[in-house]
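What follows is chain A paired twice: with chain B in the first complex and chain C in the second.
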Partner chain A sequence: MRNNFLEIVRKVDILFIGCAFLLLAPVLTVQRTNDFIIFCIFVLAYNLLYGFMGRLSFGHMLYFGVGAYASALTAEHLSANPFAAIAVALVAGAGTGILLGPITVRTTGACFALINLAFNQVGYFLALIALAKWTGGEDGMAAFFDNIWIFDLGNRYVVFGFSLLCLLLVVYIMKRLTSSSFGILLRTIKENETRAKFLGYNTFRYKLAAFVISTTLSAFAGALSIINYTYVTPSFIDTTRNVEVIFASLIGGSASIYGSLVGGISYMIISNYLPKYIQRWEMFLGVALLLLVFRFRSGLWGYISETVEKYALKGARE
Partner chain B sequence: MIDTIAYGLTIGGILYIISIGLSLTFGTMRIVNFAHALVYTVGAYVLVASLSLFNGHFIAASVVAVLAVIPLAYLIERYVIRRLYGESIDYAIIATYAVLLIGVDAIKWIWGAIPIPLSDPVGKAWNILGVELPLYRIIIIALSICVFFILELFFKYTIVGKIVVAGLEDKEAVRSLGIKVDRYFSLVFVIGSCLAALGGVLYAPITTVHPYMGFQVLLLCFAVVLVGGLGSMRGTFLSAFALGMVMAVTGRFWGPAAETMVFVVMAIVLIFKPIEV
Partner chain C sequence: MREKVILETQNLSKQFGGFVAVEKVNYKLFEGETAGIIGPNGAGKSTFFNLLTGLFPPTEGKILFFNQDITSTQAEHRVELGLVRTFQLVSVFDSLSVIDNLILAVTRFSPIFTNKFRFFFRDAHIKNITERAKEALNRVGLADKSHILTSELSYGDKRKLEIAMALALNPKVLLLDEPFAGLSDVEIKELLNLLHKVKKSLTLIIIEHKISRIVDLVTRLSVMHEGRIIAEGNPKDVLCNETVRRVYWGGESCSVDGITDSSDRRRRP
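Moving on to the complex of A and B:
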């Protein structure tokens, strides 16, 4: 009975997620919920690599930043149509993934993390100094978009609705991806890549595909955040901000879509409200990370689902 | 020309001194240690604090700075790194990064976030082929070469060094001889941390001392370790000086690109020689 109920909930989970964010909006203000939604998209994109494929990237801000700068530059030079900006950002994200992927995905573990970090540093340098003529360097640049049809981007509610739709779309894509045979293969690579190879799969191709999907979705999140903020600065590609998304995926529980969402929301709540009360906020973040690593590996969502399962088992026994 | 070479060798020497610890930690414990940057920063800050204590006597202050990080290194090893032996490498990265965050915030709490400039402790300059070179930089180069040879002798002729080298090759085999390998590894960790603090001390007068100084250097040191081969002492030595020269030469033509060029070189090396971890 209870299992049936859970299954029905799982089928319409996109509706539930949508409702949850709609409920969050009046509590947190619409502008802030927008941030939350965009960050959740980024965490989802990140988790395709980290949670499902087991590759910890320490430089994912690069792909986020590529999307952000691509859309801002499109608005400045090509067309003020926001959809064109998003399309260019997606292409740029995918292009970066295809360009860097063959180098990065061959490595594992620490090497993968550090090589991404190195590329991120290069990207940060390009945005901050080398291409400062176009990107505006440290001051960044503003991006103005036209209003297309009903998409009046000056209106926060419209931006909110649009971002929410994008998030639901990404959740849907991720659900399809991770439950497909492709997703299962990614998990196999995480568990034991040699065995996957032994079964006859060309794992390089699948890893590259996952990497490119992840970079594209990250760039998507970057583009959305430009539409939300209407300006871009080098902080969108800053290497030191990588810890945010790692923390979010750890806090939520990495190998799960709901976990990513829970993690994204929890991280944003912590980072938005905690600095008001605790001055030594980096220290808190460090202690929380240590606790997560040593005590709660499965994260918040893992903890919740374990507890629910335990009670469900108890109920079944009675 | 000569000052570019001298600058490259100086940077290379400092990078080498800092990278040894990272390389050894990786070789012995299979752990990427972000907390190394914390030790480096603490070394520089203790130097600043003890300089005023010793009325600007640089050598005494730097000895204090190098020794002061021993308890810190021991704590990090005992309570964070030892618990991560044999675990997934991701957790080690995250945990040591967390230690770095905590430490940097503590430094900001104690000393504030304002950069502290230090003056050249030697102050004299040598005239080599018509170019004025600060004596301090020449001392750094000489010191790093000394460290290299001392470590070579240490790993070749002392029993502790031999055990560590054997442990790098095959940990289980050494353990089955009844040797507590982990204890020697933590000794190596402390030595590496002391060298990182020494690097911080030496580099402090060339740049400024600020809480985030570790992040920058750490990235460069990762590049050194990856290019040199993880756990390889001689490889680290060579790649440190090579990348130092890359920085100096790039910096001569276009200053801001110096550090980025190191990562470009690293990427190129990794394309042709991927490391299986």
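Moving on to the complex of A and C:
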């Protein structure tokens, strides 16, 4: 009975997630909810590597930034069609992944985290200084898009609706990727990569695939945020902002799609509203992190689902 | 029947720092046989398996599998060629359900593995695959535990799961590193029954400490000592071999029962 109920919930979860964001919009404003949506895409992309494959990156803003700059540069030099900008961003994200992946995925642990950070630093430097002629350096650059068909990007409701559809698409893709054989393989790589090799899997190949998917989806989030903001600055590729996505993963629970979404929303609520009440709100984040690490290892979502399960079991027994 | 050599090592050696763990081993495995390797703690038995299966490269020497030099072949490729192993300390995926452990093994040599779209995007639990996974679990008596989280299995059950995973990979040669360690007497009997069954369809190498257990199972026994194979042949003859008796048991008796457990001084899981 309970299992059936969960099955049904799982089947319509995309609908449910869509409704949740539609309900959030009037509460938080459309503009803000849109930020939340885009951030959630980024968290999902991040957790394919971190939550599912167990590789913690300190440099994922690079891939987000690559998408952001790629779409802005496309708008400026190639085509003002927003879909062209997104397409170029996806190609740029995938390209970056294919280029850097063979180096990064050979490593694990601190090394993986720091190599990504190092590449992120290089990207930040390029955007800020070396390529300032094109990127506008510190000032960044504006991106103007044409309206295509019903996509009137001046209308924030349209932008919101489009972003939401994109999120639901990413959730769908992630669901498929994580429930497939590939998804199981990623979990085995997280737990014991050597053992996975002894099941006959060339783990390097699948790690690379996961990495490229992650960078591509990160770039997708970057491109969507440019469509949302219509400008890009080096803060879109700033290494220090990696904290945000790591935090979101820890809050929600990284090894789960729902956890990523809960984490993304929770982090955004904290970072958007807490500063209004507490000036040095980062301290609160620090305390929250400590709590999470020591008390809620599997994040809010993990905690919620464990509790629900416990009560459901109790109920079933009685 | 014992004509064809399918696995062969030539002067295979492994050093860790200055320490020689495996020294110039020339080993031949014949198709269809069930070979046993015994030897005291630290003799280099597991290291020998690690070399055969590609966990690390040898310092020296060659490994031939079906006359193909696989000395520098990646571990996963050796599995593809049909060389499959289990580990001395049980190695399964605790974070997955029991059935998911098997699903990966079953999927590896199914059409799903070759069809990348299906591998990446289709639900792993399709009927055909789960049925085969359940069958494999059934063979080791774990069918009723298929949806339990693996971390909740007993050590003995994990051992069985690992063997089921290995068998699900359809090996040509299966290497079992102390498969009976940590099992209860009843479980040992069940596993022996299973091995007696599967040994008809594949080639087996078994490392074991308690010789009495495998004397009836193996057709050939090799004794390792300080990295070398010091005796080889029919199990009963080997046990009565003088050098073996001296270095391994230090005893006189060459009856199987008299020498069972004397050298097993290790921690047990």
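We take it that the second predicted complex is superposed on the first by the 318 of 318 C-alpha atoms of A that agree within 3 Å, B and C clash if a C-alpha of one lies under 4 Å from a C-alpha of the other, contacts with A are read in each partner's own complex, and residues count from 1 in each chain.
Please note the rule applied: contacts are C-beta pairs under 8 Å (C-beta built on N, C-alpha and C of every residue); 3 or more make two chains touch, one makes a residue touch a chain.
Being a predicted model, the structure only gives us computed values, none of them experimental.
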Margin query: According to the stated criteria, A:Gly200 is in contact with first (chain B), second (chain C), both, or neither; which is it?
Written below: second
Next item on the list: Mind working out whether A:Pro275 is in touch with chain B, chain C, both or neither, as first, second, both or neither?
Entry: neither
Next item on the list: Could you look at A:Val243 and tell me whether it touches chain B, chain C, both or neither (first, second, both, neither)?
Entry: first
Next item on the list: Check the residue A:Gly183 against both partner chains and state whether it touches chain B (first), chain C (second), both, or neither.
Entry: second
Next item on the list: Have a look at where A:Ile115 lands relative to chain B and chain C in the superposition and call it first, second, both or neither.
Entry: first
Margin query: So in the superposed three-chain picture, is A:Leu285 touching just chain B, just chain C, both, or none of them (first/second/both/neither)?
Written below: first
Note to self: In this superposition, which partner touches a larger number of chain A residues, chain B or chain C?
What the structure shows: B
Next item on the list: State whether A:Glu191 touches chain B only (first), chain C only (second), both chains, or neither.
Entry: second
Item checked: Of all residues in chain A, those that touch chain C in their complex -> 176-177, 179-185, 187-188, 190-192, 194-203, 209
Checklist line | Touching residues on chain C, where the partner in the complex is chain A | finding: 53, 55, 74-77, 79-80, 84-85, 87, 91-96, 100, 103-105, 107-109, 112-113, 118-125, 165, 169
Notebook entry, point to check: Residues of chain A touching chain B in their complex?
Noted result: 50, 54, 56, 58, 103, 106-111, 113-115, 117-119, 121-122, 125, 129-130, 239-240, 243, 246, 250, 280-283, 285-290, 292-294, 297
Notebook entry, point to check: Taking the complex as given, what residues does chain B use to touch chain A?
Noted result: 26, 32, 80, 83, 89-91, 93-95, 97-102, 104-106, 108-109, 215, 219, 222-223, 226, 256-257, 259-260, 263-264, 266-267, 270-271, 274-277
